[in-house]
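Sharing a structure, written as structure tokens. Questions coming.
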Amino acid sequence: MNKIDRIWPSDAVGKVPYWVYSDPEVYAAELERIWYGPHWLYCALEAEIPEVGDFKTTTLGERPVVVVRSAPDEVSVLENRCAHRGVKFCQARKGHVKDLLCPYHQWNYSLRGDLQGVAFRRGVRGQGGMPADFDPKTISLRKLRVEVANGVVWATFSDETPPFRAYLGERFWQHYTRVYDGRKLAILGYNRQHIPGNWKLMQENIKDPYHASLLHVFFVTFGLFRADQKSATEIDPTGRHGILISRAGRQEINDVTSGMRTFRSDITLSDPRIMDVVREFPGEDTVGMITVFPSVVLQQNQNSLSIRHIVPTGPDGFDFHWTHWCYADDTPEMRLRRTRQANLFGPAGFVSADDSEIIEMGQQGFAHSPDEAGIVLMGGREIESVDHMVTEVGIRGMYRYWREAMGL
Amino acid sequence: MNKIDRIWPSDAVGKVPYWVYSDPEVYAAELERIWYGPHWLYCALEAEIPEVGDFKTTTLGERPVVVVRSAPDEVSVLENRCAHRGVKFCQARKGHVKDLLCPYHQWNYSLRGDLQGVAFRRGVRGQGGMPADFDPKTISLRKLRVEVANGVVWATFSDETPPFRAYLGERFWQHYTRVYDGRKLAILGYNRQHIPGNWKLMQENIKDPYHASLLHVFFVTFGLFRADQKSATEIDPTGRHGILISRAGRQEINDVTSGMRTFRSDITLSDPRIMDVVREFPGEDTVGMITVFPSVVLQQNQNSLSIRHIVPTGPDGFDFHWTHWCYADDTPEMRLRRTRQANLFGPAGFVSADDSEIIEMGQQGFAHSPDEAGIVLMGGREIESVDHMVTEVGIRGMYRYWREAMGL
Amino acid sequence: MNKIDRIWPSDAVGKVPYWVYSDPEVYAAELERIWYGPHWLYCALEAEIPEVGDFKTTTLGERPVVVVRSAPDEVSVLENRCAHRGVKFCQARKGHVKDLLCPYHQWNYSLRGDLQGVAFRRGVRGQGGMPADFDPKTISLRKLRVEVANGVVWATFSDETPPFRAYLGERFWQHYTRVYDGRKLAILGYNRQHIPGNWKLMQENIKDPYHASLLHVFFVTFGLFRADQKSATEIDPTGRHGILISRAGRQEINDVTSGMRTFRSDITLSDPRIMDVVREFPGEDTVGMITVFPSVVLQQNQNSLSIRHIVPTGPDGFDFHWTHWCYADDTPEMRLRRTRQANLFGPAGFVSADDSEIIEMGQQGFAHSPDEAGIVLMGGREIESVDHMVTEVGIRGMYRYWREAMGL
Amino acid sequence: MIDRDALRDFYDDYYITLDDVRLDDWPAFFTEDCIYRVIPRENYEAGYTLSTIYAESRGMLVDRVMGVTRTQMYAPRYYRRFPGPLRIVSRDGDSVRTRHNLLVVQTLIDRKSEIVLSAVCHDVLVPDDGRNRLRERIVVFDSEMIPNSLIYPA
Amino acid sequence: MIDRDALRDFYDDYYITLDDVRLDDWPAFFTEDCIYRVIPRENYEAGYTLSTIYAESRGMLVDRVMGVTRTQMYAPRYYRRFPGPLRIVSRDGDSVRTRHNLLVVQTLIDRKSEIVLSAVCHDVLVPDDGRNRLRERIVVFDSEMIPNSLIYPA
Amino acid sequence: MIDRDALRDFYDDYYITLDDVRLDDWPAFFTEDCIYRVIPRENYEAGYTLSTIYAESRGMLVDRVMGVTRTQMYAPRYYRRFPGPLRIVSRDGDSVRTRHNLLVVQTLIDRKSEIVLSAVCHDVLVPDDGRNRLRERIVVFDSEMIPNSLIYPA
């Protein structure tokens, strides 16, 4: 890989240079050091592959993989690249198989990725075949390390990655298990969109509570997420993970909202069922948005639960896959409630469309000024958790970690 | 920026190597040294933003900017990139605002680009906010130097750029003011097309009267621009600017036209109103096509007036924005005449479509032969103004200057 | 050109690293050293340009050329790039001309590419014109070396390329002349598709008989090409060219087919006319698929005859142009038979669509793992012709030659 | 009974209203208790309820319009809708079930026009105080990867 | 009165004539004193008169054809037109005002097919010595950035 | 005689059958001795017989379906067909010759929707034991460079 000759600004904590979003060399290094490095990447929900032989295909970083239930209590994550001549042999999004078969020459793999059949290995009628020193036992699909944590499948390309719970850290393990509490999950459905902006902008967006009170008129007006509400912005010790916590308020004019351009006291809902929220988690908090670096956002917003998967496609864009889910034992009413609240999220979401648009507008703004830098001073230069949302600490934390991981 | 290891041909004046049109390193250097260097770039017509608060967005080189009337007699040109985290905050083509507001966190700027409002700067209920050393007065949108010359708004990224009149030079200031004479202008409308060829090919095209008599059957046949007519090809002392001057003739067979493949004596117009030209400028000349390096073509062709704005999008293409205009006090008849004559120009122009097509065909021809070179010897090797159109002097002049500016 | 710092795997013959398919530097070197180097490239069938003045445009590597009959017994292949300023002057696929004229400034070339007319060379009415030292006789379109071999037009950019027959080698000249036997050819028609995979994958595909018995259910089931049939896989002494020879069998269950996942004993054709094959070539062989490195596949499969032309468009894709042909003296029945059998081939071919899909799936699989390698050990490590199809020798041979040619 | 001419006129009005971005007039094309969804084909075929846009009443459509016009932030764009031939699937009393394909083409500033949705619409129309209205409209779109946001309704 | 069948036949003829590039037959679809414009939506909505193609008479359409066939230089290409449902907007005496969307797809040599125009057509038809003709046709296109040239009429 | 309503219903059925990938039902839209071809415009205009898909009988269409469903290997994809207005070209006895444009839009997994074919269809329909069928269908496509494979019929 070419050497990266970029200099970080002198205000190391308060500024983020724009070349991090557009430099192809930096992006190539991110794939190696972050995506294929010591980090856990989101793969799937167990609910998507309940039976042995059920599989799902997805992409980690830029590499296609197959996520398959290889035993009742085992999930295997294998590179979707045949060991023979590299074909992405599995093309379906989902399915059920007995074994993994590459169509080109029918090399055949067990659900664990071990090569178990090589067509014509012994030749045909004494002709051809593989040489004596060819040993199928030494060949397999590339297998990733896998952990299944309360219904969610995680994988990593690296041997150095700590166990998933340690990767999150105790505090974030608590946040994680608040929603992923071991109950069986079920799929509500998917949304998929391509966002033409650097992948880190999505991580920033969900680590940035500062914008929520200002960009999202819907949130602000109906008090779903607003600066005057009890809230917290936490990061893990490394700074790479974050969570935004908040407690819903009302559509009220007060000392804070009165000063907000985005607060609309005159807007009302003709059918307020979208705001029909029920409390289902311990505590008063109504929003818990977790960013697990680098690949995913875990959304709990009112009763809407989703996993938002980031698949980078270059320095200037990423595919964004939304998996909305519910608990397997949800009542029909609860499923309907979650489906209804999903109107706030996704490519047409009352709130999320603001974010996907702003990310594109960000890339448009700085793509041609790589040597300028953004300012992340809200809440000062501290890098530690705080009990409010008037801060950019989550972003400062992520870049402190990013520089370590990237050696920049 | 990587060093460019390209060698110019030995016939320094008579040849132009094809790598100037396709090498990404060369293109990157052009952005820095030419587009963001000591050159005036076309922004807008004052007529597009008559009132204080009126704005227009456009792109200079590859950078988005906002062109806004910041005072009755002042136009500001500001990078469309929020000082906070770089968002291209202004997305509309045109509009009217009281201030410039970024939607992401509502940082607020005066029409001059000064930061005048930072949401939650003091925090919310004592929490968060910007640190003590944060001084909004030191922060603004990037402001470009601006000059308004007889209704046309120009801007430059560089402090070294001489005043606009000096940039043109006296002689070209005269050419410029022949049409931009201080009268109030009005907008007739726009055309926009993407031309898949290097941006310099458009500058060359309008600096090249040699082709006009040969490529453009319409011009030739109806005598609008033809080699047998009185004409001139002028360049400024630096060689970067040029003008083609010509005097319309008739559809006549003579010593010159008789030898022209493109002269069609048998073609007639069923409705000749498109040729209903009136004389409106001092002197006999009917065509004055000015190229102001690097960003624009100023068209006066018969009664059709337009500004053709070049926005490069890479080594192999550019967006081409046409602004057709008239004088504010034009009669309805005159506006109609200009609208009618516009059929010669633009993406569907009887004449201009030949040029946009030929530019694409040029890029297709040499893109894969960067080490070959084109020949620009028509009219010899001289680089000085001449009183005819059988020359490529304008191109020779541009590349003499381009090599200086690029240090190549 | 930048230096390529890639290391070939230690198992030099048995493995092919994936960077050969995706590295832009490698691709750039391939254009220079292979496509524009000492190799014959397919241009056209003489039948496409029977009369003097008939021309066809095509692309060799990435360079556009004009293939024109410049004399009753002479075909000229000229770069489609005007010597003046590089315009791809000829835009039609096919046509008939008296001379070659560039529309931009009407420089005019003979059918052999010699510059024979420069508009306004002597100026107009004593003004302008070309300088004294301008000598048209020294200027021409770039002319390629051309050979016409039994109705097929070949060209090369290099002076070192041996004569075409020597380039093929005696053995392959015999294979070539088995079908291209000197009889007059006629055009049946074209198919054109863009395949998003590296160009070498197509060469590999047709040098790889191993896959045919496994991927192509249609071939296998109806016995058109199957491992239990008499066959041969030959390469030329350099390893760059290859041929797959086979003798059709029947839809029978035997020791081999019984073990084939892709053999479907239950499938029958409702209208078997597609299998109505007649023997027309000497010998028993029913299939002869020749790969002439690097640009073309010569197909003789049953009675279906085509030339498949590879036009690379970058490391990750190529345009694939199919020219189906017949003998000029074919009966209407025979033409119909060939047209009918063409259903097996092309973008919608019962068989070929499998291949174009598998090539895309290959690129998808390894594009993001350049440092991994594919295995080509079927049939051992030998690199010599064999009389069966259970081998990857053709691929091993091609890469042995490719490394020589590339100096890697 | 809603005859072919009435259906033709209904859809002409419907699509012209949207193409002209007269969003405030849009909810009136639906019954008070309508079901409206824009849903990925993937979800629809799997029986998943999750929709990209989902409404259970005319009121929710009014709220959707409020969102697009009052609360959401997005880059300016044009949508243009190209409906295919209309199929009458079945009639049940005075209601009629129809189906047609829909291509939605979007254009953003300085960009070429592009396909944003390739979809099929499954509708149910009924006479409803004096005019015809949609009691149900399910827009099932093939498009696997939406070019960023979906702003206007289909 | 020009009824629906007559309109259908008129537009079938009109678009087939253009798709088949029988340009010489095209001006006859217009009245002698017709207005024809192909105009960017941006100009149309701003009230700007500038059009990408502008004609004030059948003669100017004849001249446009002359340009395309005799004087202009351009790479070969195919255009194919996909008109949407036809809306009858109003009738005034024997003239009828119609509206429909139009998608124009172009294909250049060795390239994939692409959208060149996404537009809406505002037409006025009248009976004119023995046949129906366009007295006015305004093609308002969304497309913000034309892929190089616009050669053939819409 | 096959009237307009019958034609409309025929093509509605035809395209819905293909859009819904009910391929086994597709051959029945053709007569036993039908001619079906999907052919590049380039070949068609040059008089070349070579077609991208070619069938001389309903049996060959059945075999084509067998290929797509039983023998071929390809990545999953959606096709959606957008036919343009139908033109009745001529009638000959009880057969009718029609023509219409056809836009085929494809969507692959994780990709944006794209045009796969921009074409014109020249058809001949006849009544054939109790229903209408295609005796001939020639799909002439402009598309110069197919995005890899053409899997499903048009």
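Every chain is named by a letter (A, B, C, D, E and F) in the order it is written, and numbering of its residues begins at 1.
To be clear about the criterion, a residue touches a chain if its C-beta (ideal position, glycine included) is under 8 Å from a C-beta of that chain, and two chains touch if they have at least 3 such contacts.
Please read these numbers as outputs of a predicted model, since none were measured by experiment.
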Give the rotation angle, in degrees and rounded to the nearest 5, that superposes the C-alpha atoms of chain E onto those of its identical copy chain F.
-> 120
A student comparing C-F to B-D should find more C-beta pairs in contact for C-F
Chain at maximum distance from chain C, centres defined as averaged CA atoms | D
When centres are defined as mean Cα positions, the distance from chain A to chain F in whole Å is 43
CA centroids of chain A and chain E: separation to the nearest Å works out as 48
So, what's the distance in Å between the C-alpha centres of chain F and chain D?
-> 28
Multi-partner residues of chain F (at least 2 other chains) | 73, 75, 82, 103, 109-110, 112, 114-115, 144-145, 147
Residues of chain C touching 2+ other chains?
-> 91, 93, 103, 192, 194, 215, 319, 354, 358, 361
Okay, what are all the chain pairs that touch?
-> A-B, A-C, A-D, A-F, B-C, B-D, B-E, C-E, C-F, D-E, D-F, E-F
Which chain A residues qualify as touching chain B in the complex?
-> 16, 18, 204, 210-211, 213-215, 227-228, 255-256, 261-262, 354, 358, 361-362, 364-369, 372, 374-381, 386-391
Report the residues of chain D in contact with chain E in the complex, numbered from low to high.
-> 8, 11-12, 15-16, 19, 78, 80-83, 103, 105, 107-115
Considering the complex alone, what residue numbers of chain B touch chain E?
-> 93, 187-196, 215-218, 221, 264, 267, 269-271, 273-274, 319, 324, 335-336, 339-340, 342-343, 346-348, 350, 353-354, 356-358, 360-361
How about chain F: which of its residues touch chain C in the complex?
-> 38-40, 42-43, 46, 48-60, 62-64, 66-67, 70-75, 144-151
Complex interface listing, chain E residues touching chain C = 73, 75-76, 109-110, 112
